[in-house]
Every structure is written in C-alpha cells, then in structure tokens.
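Below are two complexes that have chain A in common, paired first with chain B and then with chain C.
Showing the complex of A and B:
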C-alpha cells in the first residue's frame, strides 16, 4: 500500500491521530519539506476525485482531511520550514461567507486547502457585507474573492458582491469565485449570482483560484 | 370533527416544530389541516425536496392553499414556494423562525450552535451515523466552529436534561438553556396565512 493509499484509509476512518502519525513517520525518513508536494497534494487530489465521483464521503471524513492538512501546515510553520520550497507563494486572495450566512465549515476547509497550495488567504469570516469583500480585496491587492453560501436565500446575496465589483469598475480585474452546498445542486446559480466560477468541492478550489487569477492577469494585460 | 367540515387550507411543517405548531394551531388556526414531514430529511435535502413536492402536489390538486413552515432547507424550496397557492414562512431556518432575524443573527455571531427540543432526542444518531463523528472528532469540529451550545426551550416539553448533558459532553462546549416565547413563530405563520389568502385560491 502506498503512503497516499494509507493516508486515504486513515481519513476514511476519520482517524486524525493515525493520519498524523503516518505522515510524521514518512517525514522523518523523507523530510517535512517534501510532505506537501509528495504526499498531501496527491492524496487530496485522489480524495477530491473520489468525492466528486461518488459523493459518498461523510462530513467527518472531509473534516479530517482538512484538519490533517492544517496539522501539516502548522508543523511546517513551527519547524520554520519555508512552505514555498514546495509551493511558491500565491495571491493574496479574500474569502468569506456572504451576508447572513453562518455556515463556516466549507469556507474554513477552503482556506486550509488554499494555504496548503501556497495561497495567502485573508479570511473575513461569516456574514460579510459585499462592500467589505471588495474593500479588503483592494486593500491587500487580491485578484480573487471567494464567497461561500450554504443555502439559496443567502446565495442570492452574492449578487451584491458582483454589483459592487462592477460598480467600482473592477470587472475582470477582481474575479468572483462562488461556492457552497447549494451551488452543487443548482445548475445556473453561478451565473445567476454573477460568479466567474465555482468548484465541485473544497479540494477543487485551489485549481479554480489558479484559473481565476490567470483570467484576472490576462484581463488586465489585455485592457 | 365531522366529515362535512373541510380543512381550511393546509399547513405543511417540519417535525422539528411539531409540538410548537400543533400548540399554536389549536389556539389560533384550529380549522387548518396539519401535515408534518420528518425532520431527519434535512440530512438528505434531495429526499426532502421530492417528498415535499409530492405532498404539495396532492394538496394543491384538491384545491387547498398551503403554508410551508420550513426554512430554506433544500435547494428547490424557492421553486416550491413560488407555486400558486403556496407561501413559505420567512426565515432561513427553524432557529430564525423561533428567534426572529435579529436575535438569530446576534447569537450566530456569538458562535452559538442551536439545539431544538425535537432534535435533541436524536443528536447521537445524527452525529455518529449521519455525520460519522466520533467523540474526538465531534469535539474538535464543534470547538472549531462554535463557542457554545444553546438549547431553545419553547416551554412545551420538559427540558431533556439527560440527553442535553450527553450531547454537551460529547461536543465539549459549554451550554445554556434559553427559554423563548412562540411569538416570532406565530407571527411568521400568521403572515404566511395572510399572504396565502391573497395569493391563491383557498377552499
């Protein structure tokens, strides 16, 4: 069994401690510098594919995948290893739950998976008004804003972020990523709220942000 | 009730509010037919949507107007409430229906995880079987996401102290019991009934 398969098995069992022990043992032999690129990244990719294909993962399994990632990041930081050895820093980006939405779990996982890929993430938390998203993006120089909503009522509030971006003349320069459970089951909702893109799950968000960041750069270059 | 007396419109409600809506209905809308759908369907929103659609279809076919006492509990809810003769109570979820938008928002900002009387009876089944959370993971997740647990005591059931303690112990968070009136829920249903009278044909 490969290290990736063993790690998936630990996550399937929602065994955070076992997963960490496995990763520590691997890192002792191969080094923590390679842990993200050689083990975590490919494992998360496999889990993401499995999640997309079957949708059968429990909340606990997804949560443990995020916590194990967080544990690895914290260890790397505490050991003063430069995470950019495996991933050059990207971003910054801004994420948060839209106004009136308090479902933080998905957003927190997105933040973790983005950081694991080297993104500098400004997480604004729950119940964030549209103006705050755009103000923060301008303040830190973010090209991507990621807005999360769990239910239809709050997802529709994301339209206000779209309006805020457009009314300030930032269309294309700031890309709007949208996500949350309701987007997975509502075809057309991304367009309805004015999103520039979405991802099937938290693990697929780093790829989405890569694409949107590129779009923003191209838009600016072409302008 | 005699066979001649027809129900004056229908209230379809989540069973998480069964005791509260029954109580209010007896006091204010005794001629309404009540239908309750199992709250466990929230763990499977697609099932909730298809069941709700089917029940709605049956009632609408008979010419009754329908008030849905639900939050925005599945992605199809807005489509269902847009049907002629159907109105849903205003509120994103059952907590907001009970607390009103201002108090719900305030407590949510404090990091509250809400517990409903009916839900508490099945907390273990939901945490362990539906969400796959053992004690260690439940504690970690709940502490990551929340600051405290608040049991919404509507005064219609004896506070289930033993179950609450078990749940609180499992989640590893402090808790409090908040006694709340039914005024927000009552007013929300009343408004929906009024809207319903203006929206669709009612027998």
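Showing the complex of A and C:
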C-alpha cells in the first residue's frame, strides 16, 4: 500500500492521530519539506477525484482531511520551514460567506485546502457584503473570489457580487467561484447567481481556483 | 375524507380517496400573510395566522409548526439573526467548547419564552385545525442540538475527537430534549418530524451513526409520548436507512428526492410510512408542468404502496416558490385519485 493509500484509509476511518503518525514517520525519512508536494497534495487530489466524486465521502471525513492538512501546515510553520520550499507559492485569493449566510464550516475547510496548495487566502468570514469582497480583491490583487452559501435564499445574494464585479469593469479579470450545499442540489444555480464555476466539495476547490486563475490571466492577456 | 382521516388511513395502510400531500410550508405562511419574519418567528398568533392562510390557500394534509431550529439555539444563548425571506439563523453560537457546557444550564421548555413560542403556536394551530388537519412539529434529532449551541464545526470536532466529551454534552441535552418534545405533543402536535443531520450519509460515517447517534435515538425516542417521522435533512438518506430501522416511536421516514423510494421501502418494511417528493429549494425553479410531471411519476411509481405521502424534501419550501407550483402537487394527487380502493 502506498503512503497515499494508507493516508486515505486513515482519513476514511476518521483517524486523525493515525494519519499524523503516518505522515510524521514519512517526513522523518524523507523530510518535511516534501510532505505537502509528495504526499498531502496527491492524497487530497485522489480523495477529491475518486472518492468525493462518487458521493461516498462524508462531511466528517472531509473535515478530518482538513484537520490533518492543518496539522501538517502548523508543523511546517513551527519548524520554520519556508512554505515555498515545500510547495510553489500561488497568488492571493479572497473567500467568505455571502451577506446573511452564517454557515462557516465549509468555507473554513476550503481555506485550509487552498492554503495547503500554496494560495494566500484572505478569509473575510461570515455575512460579507458584495462590496467588501470586491474591495478586498482589488486591495490584495486577487484574481479569484470564492463565495459560499448554504441555502437558496442566501445563495441568491451572490448575484450582488456578480453585479459589483461587472459594474466596476472587472468582468473576467476577477473570477467568481461559488459553492455550498445548495449548489449540489441545484446545478443551474451557478449560472443564475453569475458564478464562473463551482466545485462539488471543499477538496475540489483548489483545482477550481487554478482553473479560474488561468481564465483571469488569459482574459487579461487577450484584452 | 378530511386531512386527518387521510393521514390516519395512510398510517394504517387503509384505502384513501386520494394520496395525502404534505409539502413543508412553515415559512410560506409568512409570505401569504405578509408578516415580517422577526414577528412570524416570535409571535405564536402571527405564526398560526400564517398557517391558516396556508391551509386556506393550498389545503395540505399536514400543517407545520414553526420550523426555526436556530430559535432552539437561541434559547441556549446563541445569537439569532433574522433574514427578510428565510428562517432565522445563528450569528454566534452560545458556547465554543465542551468545557463551556459544564457551566451551561439548558433552558426550561416550560418557561423559556423562545421555546414556549413553539408550544403556543402548536396549541393555537391545534385548537383551530386539530380535527381536520394534523399538526407536525419539526425539530432536529437530539444529536444535532449541540450544533445549534456551539456551532457545527465545534460539535463535529467534539464528536470526532472527544467522544467522552460528546457524551457529557448529550447527558445535558437528552432530558431537555425529551421534555421539549413531549411538550409539543401535549400542546397538540400529532407527530414530530426529525431531520437527521448526525445520521445523514453526507455528514457522518456509518460508524458514528451506529456508535453515537443510534444509541441516543433509541434512548430518547422510547421516552416520547407520540409518533416520530425521521427526515432526510436535505440530502440522500438511503445509504444509512438500514441503521435507523426499528427505532421506537418511528412511524415514517421522509426521503430525499434523490433517494430510490422502492429501495427505501425494502429497507424499512411494509409498515412504515414513506414520504417522498420534490426538493423544497428547486421547486421554486420548476414550471407547473415540471411539478405535475414529477409528482405524477412519483405517484405512479408508488401506486401500489398504501403507506406513501407526497411531500417535499429539504427543510422548507422556499419563499420565492410560485404558488402555482404548490397547487400543482395537490392537483396531481387529485387527478390520480383513490388509492387501494
């Protein structure tokens, strides 16, 4: 069994302690610098692609994956290893729950998985007005804003972020990622709120942000 | 048959003049009466007026008591936020950690005004409709209550990484819960529907259901004074349904619109009432024809099933749903006609 398969099994069994022990043992032999790029990233990718896509993974298991990821990131920071040594740095992105939405758990997990991929995450928290999202994106130079909503009523508030992006002439330059439980039951909702893309779960978000970042760069280059 | 006759006949598998239809229209009553939601979810008389309007407009076979889970969290001290066109939400949980629970005294269901709101709403509704339309209360299963008090993330973390702490929390929640729900029955609720977050295949593992959620349900449901209907919480339930069979007091299960109803029937056996139908969020985006076609397909598929009710899955029919779509559910059931005659 590969290290990735062993780690998936620990996460599947909700065994955070076992997962950390496994990763520590690997890092002792190969170095913490390589832990994210060689083990964690491929494992999370595998879980996202194979496991989450089939709907067989629970929120509890994704949460375990996020906690294990957090544990690794904290260890690397405490060892004063430069994160860019273990993973190439990516750009700044902005995430938050839309105005009137207070369901933080999914957004927080998204933040963890994005940080593990090297993104510089500006998490604005819950109940964020559309103007604040766009102001922050401009301030930090983010090409992607990720907006989360759990229920239909609050999801529709995301339209205001779309309007804010468009009215400032930032269409395409700033890409709008949307997500949350309601987007899973209502696939047409992404288009209705003006989203540029969504992901089936928190683990799939880094891939989505990679794609949207590329789209933003291409849009600017073509403009 | 009136609605109470129809629901009782469904529970006992007797012939029906038509299929019972039970969309969850708790929120929709406020739209019909134009009641601001901060009043609707705090004033029992305003809520009861909304449900009278629901009955008059749509003639559903079940009326729902207030579906406002966040208010239960507020009774523990969580900070509530009211939204213009949706149920109240929790802005800030009452506590953060298991240790905080040591100092927390659960609210008294007999005196706390936020909890008495539910009971008084049920009493008013039962006084007006009891003989004609049964009243259902909707409250999350006991294992979901701590999430309303400390937030889902902190509660999930506790259940996953501190099982002993989670049990201590539940020891505080269980007596509170039993007293609260039995108060609903005493006020006139015909049954209580329980969304099963901590039993849902999208939220927890089978192991958590078996070792944590199910034992709590066994213990709590055996102390209740009325029938219970398990609810899908807005996600497919079938993959864990086998872990929820044989629970005391359970007479029905509300399945998700993505669940296979025939397979659900095989799992629960012939005596449990199955509810199935349209998703309460996406019904707002359907055309009348879509609603009719989907309802007809479901009812045809369940034609031979004496214990089936056409309903909605997910929490509550959303505010912007065209009334024609809700009318279409009942019209379709009426057009198909009698069952088992």
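Here is the rule we use: the second predicted complex is superposed on the first by the 218 of 223 C-alpha atoms of A that agree within 3 Å, B and C clash if a C-alpha of one lies under 4 Å from a C-alpha of the other, contacts with A are read in each partner's own complex, and residues count from 1 in each chain.
Going forward, a residue touches a chain if its C-beta (ideal position, glycine included) is under 8 Å from a C-beta of that chain, and two chains touch if they have at least 3 such contacts.
Everything quoted here is computed from the prediction, not taken from an experiment.
In the model built by aligning both structures on chain A, chain B clashes with chain C. Within the superposed three-chain model, A:188 lies in touch with chain C and out of touch with chain B [touch as defined at top]. Once chain A of one complex is fitted onto chain A of the other, the partner contacts of A:122 are absent, as it touches neither chain B nor chain C.
Of the two partner chains, neither chain B nor chain C is touched by A:143. In the superposed model, C is the one of chain B and chain C that contacts more residues of chain A. Once the complexes are superposed on chain A, the part of chain C occupying the same space as chain B corresponds, among 117-125, 243-251, 261-269 or 297-305, to 117-125. Common to the chain B-facing and chain C-facing surfaces of chain A are residues 14, 16, 58-61, 63-64, 67, 100, 102, 104-105, 108, 126-127, 151-154, 182, 185-186. In the complex of the two chains, the chain A residues touching chain B come out as 14, 16-17, 58-61, 63-64, 67, 100, 102, 104-105, 108, 126-127, 151-154, 182, 185-186. For chain A in complex with chain C, the touching residues are 13-14, 16, 55, 58-61, 63-64, 67, 100-105, 108, 126-127, 151-154, 181-182, 185-186, 188, 192.
Residues 45-46, 71-73, 75, 77-78, 92-93, 105, 108-109, 131-134, 136-137, 140-141, 144-145 of chain B are the ones touching chain A in the complex. Against chain A, in their complex, chain C makes its touches with residues 81, 83, 85-86, 89-91, 151-153, 156-157, 159-161, 201-205, 207-208, 234-236, 279, 281-282, 284-285, 314-315, 318-319.
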